[in-house]
Amino acid sequence: MKAIEKPLIILNFKCYGESIGSNAIRLAKIAERVSEGTGLTIVVAPTFVDLQRVASEVSIPVFAQHIDPIDLGSHTGFIPPEAVKEAGALGTLLNHSERRLLLADVDAAVSRAKVIGLQTCVCSNNASVSAAAAALNPSMVAVEPPELIGSGKSVSKTKPEVVASTVKLIRDVNDEALILCGAGITTGEDARAAIKLGTDGVLLASAFTKATDPAKVLRELANAIKGR
Amino acid sequence: MKAIEKPLIILNFKCYGESIGSNAIRLAKIAERVSEGTGLTIVVAPTFVDLQRVASEVSIPVFAQHIDPIDLGSHTGFIPPEAVKEAGALGTLLNHSERRLLLADVDAAVSRAKVIGLQTCVCSNNASVSAAAAALNPSMVAVEPPELIGSGKSVSKTKPEVVASTVKLIRDVNDEALILCGAGITTGEDARAAIKLGTDGVLLASAFTKATDPAKVLRELANAIKGR
Amino acid sequence: MKAIEKPLIILNFKCYGESIGSNAIRLAKIAERVSEGTGLTIVVAPTFVDLQRVASEVSIPVFAQHIDPIDLGSHTGFIPPEAVKEAGALGTLLNHSERRLLLADVDAAVSRAKVIGLQTCVCSNNASVSAAAAALNPSMVAVEPPELIGSGKSVSKTKPEVVASTVKLIRDVNDEALILCGAGITTGEDARAAIKLGTDGVLLASAFTKATDPAKVLRELANAIKGR
Amino acid sequence: MKAIEKPLIILNFKCYGESIGSNAIRLAKIAERVSEGTGLTIVVAPTFVDLQRVASEVSIPVFAQHIDPIDLGSHTGFIPPEAVKEAGALGTLLNHSERRLLLADVDAAVSRAKVIGLQTCVCSNNASVSAAAAALNPSMVAVEPPELIGSGKSVSKTKPEVVASTVKLIRDVNDEALILCGAGITTGEDARAAIKLGTDGVLLASAFTKATDPAKVLRELANAIKGR
């Protein structure tokens, strides 16, 4: 599996009908082709149920949408980090706006992931939460103002000050974590704006998974990030 | 896939190292062989990540360990019932002692499962919660006093009065749901005691998944339930 | 303090500016006057912080809005049933649509309340959840379809079939619990409709707490329930 | 009410039988006397139900044990910051080990408290979570390794490296927040060790509330912190 190099795009498949089951494979293969064509790192994050199949069918990095901060053991209905790793995932999203975690559990999940060799992308809803997340030393932090998620209005163009202050506050506490932004990212222009604001990439969901032509949308984003 | 007929055994794989990944396949195949050999319905419930692989490799019924009461859509890190169904599951556990749900969500998950054709086994911690669960009309209710889970002391022999009152209170409100009991079930004698108390089967985890000889343990339980 | 006799009105003060602090005392005294004037049982449920003051200033029954299913001990930021009782409360709401509880915790809270002598009114969002709640033997069940809460459209006139099926399903499993309905209850006509559908009273919040003339609104409701 | 000056002691009353109702008043008066006698800031944090009575009877600072990150409005069973403020509290604990919060809710509660003029003491379970908490700019951070809470083994003597690294990591991201430590703090020696490690005070619960002679315990702690 390819390593993660910046800049990058993370595609969150969420639980859309358009991106579960066989559709997850189809979309992951599109992402793989665009990654190969553009040379950009593209990560796909399918549902838990599709994780193993997707990871076995594409060579781009696969992330889980969440892991639980647990060791293997007596847990029913949980997502053990080891199972995600064994299924072939390279990392995981954490604390997405739709799946917020206890502060102590973000910390525990990031630590556990590090121990077993999973990367982590902690999502946040604003600049101060981004700084707090960065203080926990995850691989990446992705800021996503919840009111813009799925809105088609990109955070990078609608609320550039949120992205800029996020980058600043994160860098005050953490020099290494990659910084992404998400919420409403749809066009190449949105992605270019994100990079100009100092981020290392973007996180998106419906603009790709529900697109009439997902390959075209993704290629435009990747080219914009590559500066073409 | 075989239908569910009573009496039955449900094997909860939880998140044990002994029952995730390739071990999940191995244990599911053992369960399949014992089911074929004894004629007893045996259900396996692997982690979400292993669900699709297990369901594609065995012909016995496969359950998820949990579903979220959601429609397909914008949900990150959740378990949509449709994804579980598409992965080949016949049903799901719900409200396990280690993954308790809001009362309203047990209701919503049972209803959603019914709509898309998944069976449901709602777990409960005592007789009154069992009656409440039964009032929601799931396919099955499984009573498991939490203090006995994983203890090796079976509910059917240690607290027969809990099982008996559970059967009584459930039948006062629901004539159809199958009734199981769990917690500490290990031996044929435990299983026989459960059936004598009026249940339709047993739910177990570590006694099978962590056994030196899981096939032997399961065969003894199956034969005891079959009255042999 | 007066005992609770049916029919009755429960006034949920929630966390409105109009009903916390000194406003809680003012509204509770209005409720007391209307109760004395009409002879109807009227219960007030202020915030935890106001509980003790309200209970010491009025003679009508005072409920908490919630209790935690805990014993006295090492719990920070919780609502111990004993503290609510010592503050002078006669009972508590439980599982309100805005404060939903785990199924097992509704059961534990109802049981704990019974042990220390607090009444319980378990809220529910539909008929099947009402039946499940009733199976736990609380003092009362109050059905409130969440989409009508605060809408001004009363459940008793907009969704009479929900109220009727709730009454039927509850009575199938429980002969004794009082049955209330709430959500959108505003006028005497709403209250009368609720009683005609077989309920023992109504639960309301903003229609009283935010009224220009709360005494008038409450008097109209009380008289309608009294059949005047 | 007296302002908060460092160094200080925060007394968490939790939900002990020894510290609710009239006992809360009694213990708060003891704390007031010791504060007057020693000149040390001592904060008491009683249950929500006792907050108003305690605040009206003593002149030392009173904290809530928790607030919910909500505006006034349609919330049942919640703790609105305004109600806590109106009851006379000067601040609140947040994210105690027994009442952990979502990362985003710690941020929202700290922000909301600031707006209405309540101080905040965010509790944490280790050094990295302390740094994350400090990035949210609360008034204070209190580190409490959960395994030592109520143990009688003080964090400052048993795990001095946790306290030292907490102080270091917090100061890397925040120059102003007061730093406390808790868990097992019982004797003057424990308190002195905490101060020597660079903290501004200690947080304790059962060692005071359940003491045979709470005044004596507290006086010893206060004198030790004062360097006597």
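Details
Letters A, B, C and D mark the chains in the order given here, with residues in each chain numbered from 1 onward.
Keep in mind that, in the parts below, a contact is a pair of C-beta atoms (placed from the backbone, for glycine too) under 8 Å apart; a residue touches a chain by one contact, two chains touch by 3 or more.
What you see is a predicted model, and the numbers here were worked out from it, not measured in a lab.
The copies subunit A and subunit C differ by a rotation of 180 degrees on their C-alpha atoms, rounded to the nearest 5. Distance between Cα centroids is largest for the pairing of subunit C with A. Centre-to-centre separation of subunit B and subunit D, using mean CA positions: 44 Å. Look at where the CA atoms of subunit B average out and do the same for subunit C: the two points lie 37 Å apart. Across the assembly, subunit A contributes no residue that touches 2 or more other chains.
The complete set of chain-chain contacts reads A-B, A-D, B-C, C-D. Those residues of subunit D whose C-beta lies close enough to touch subunit C in the complex are 12, 14-17, 20-21, 47-53, 64-66, 70, 72-80, 82-84, 86-87, 93, 96-99, 149-150, 205-206. Subunit D makes touch with subunit A in their complex at residues 95, 100-107, 111, 124-126, 128-129, 131-137, 169, 172-173.
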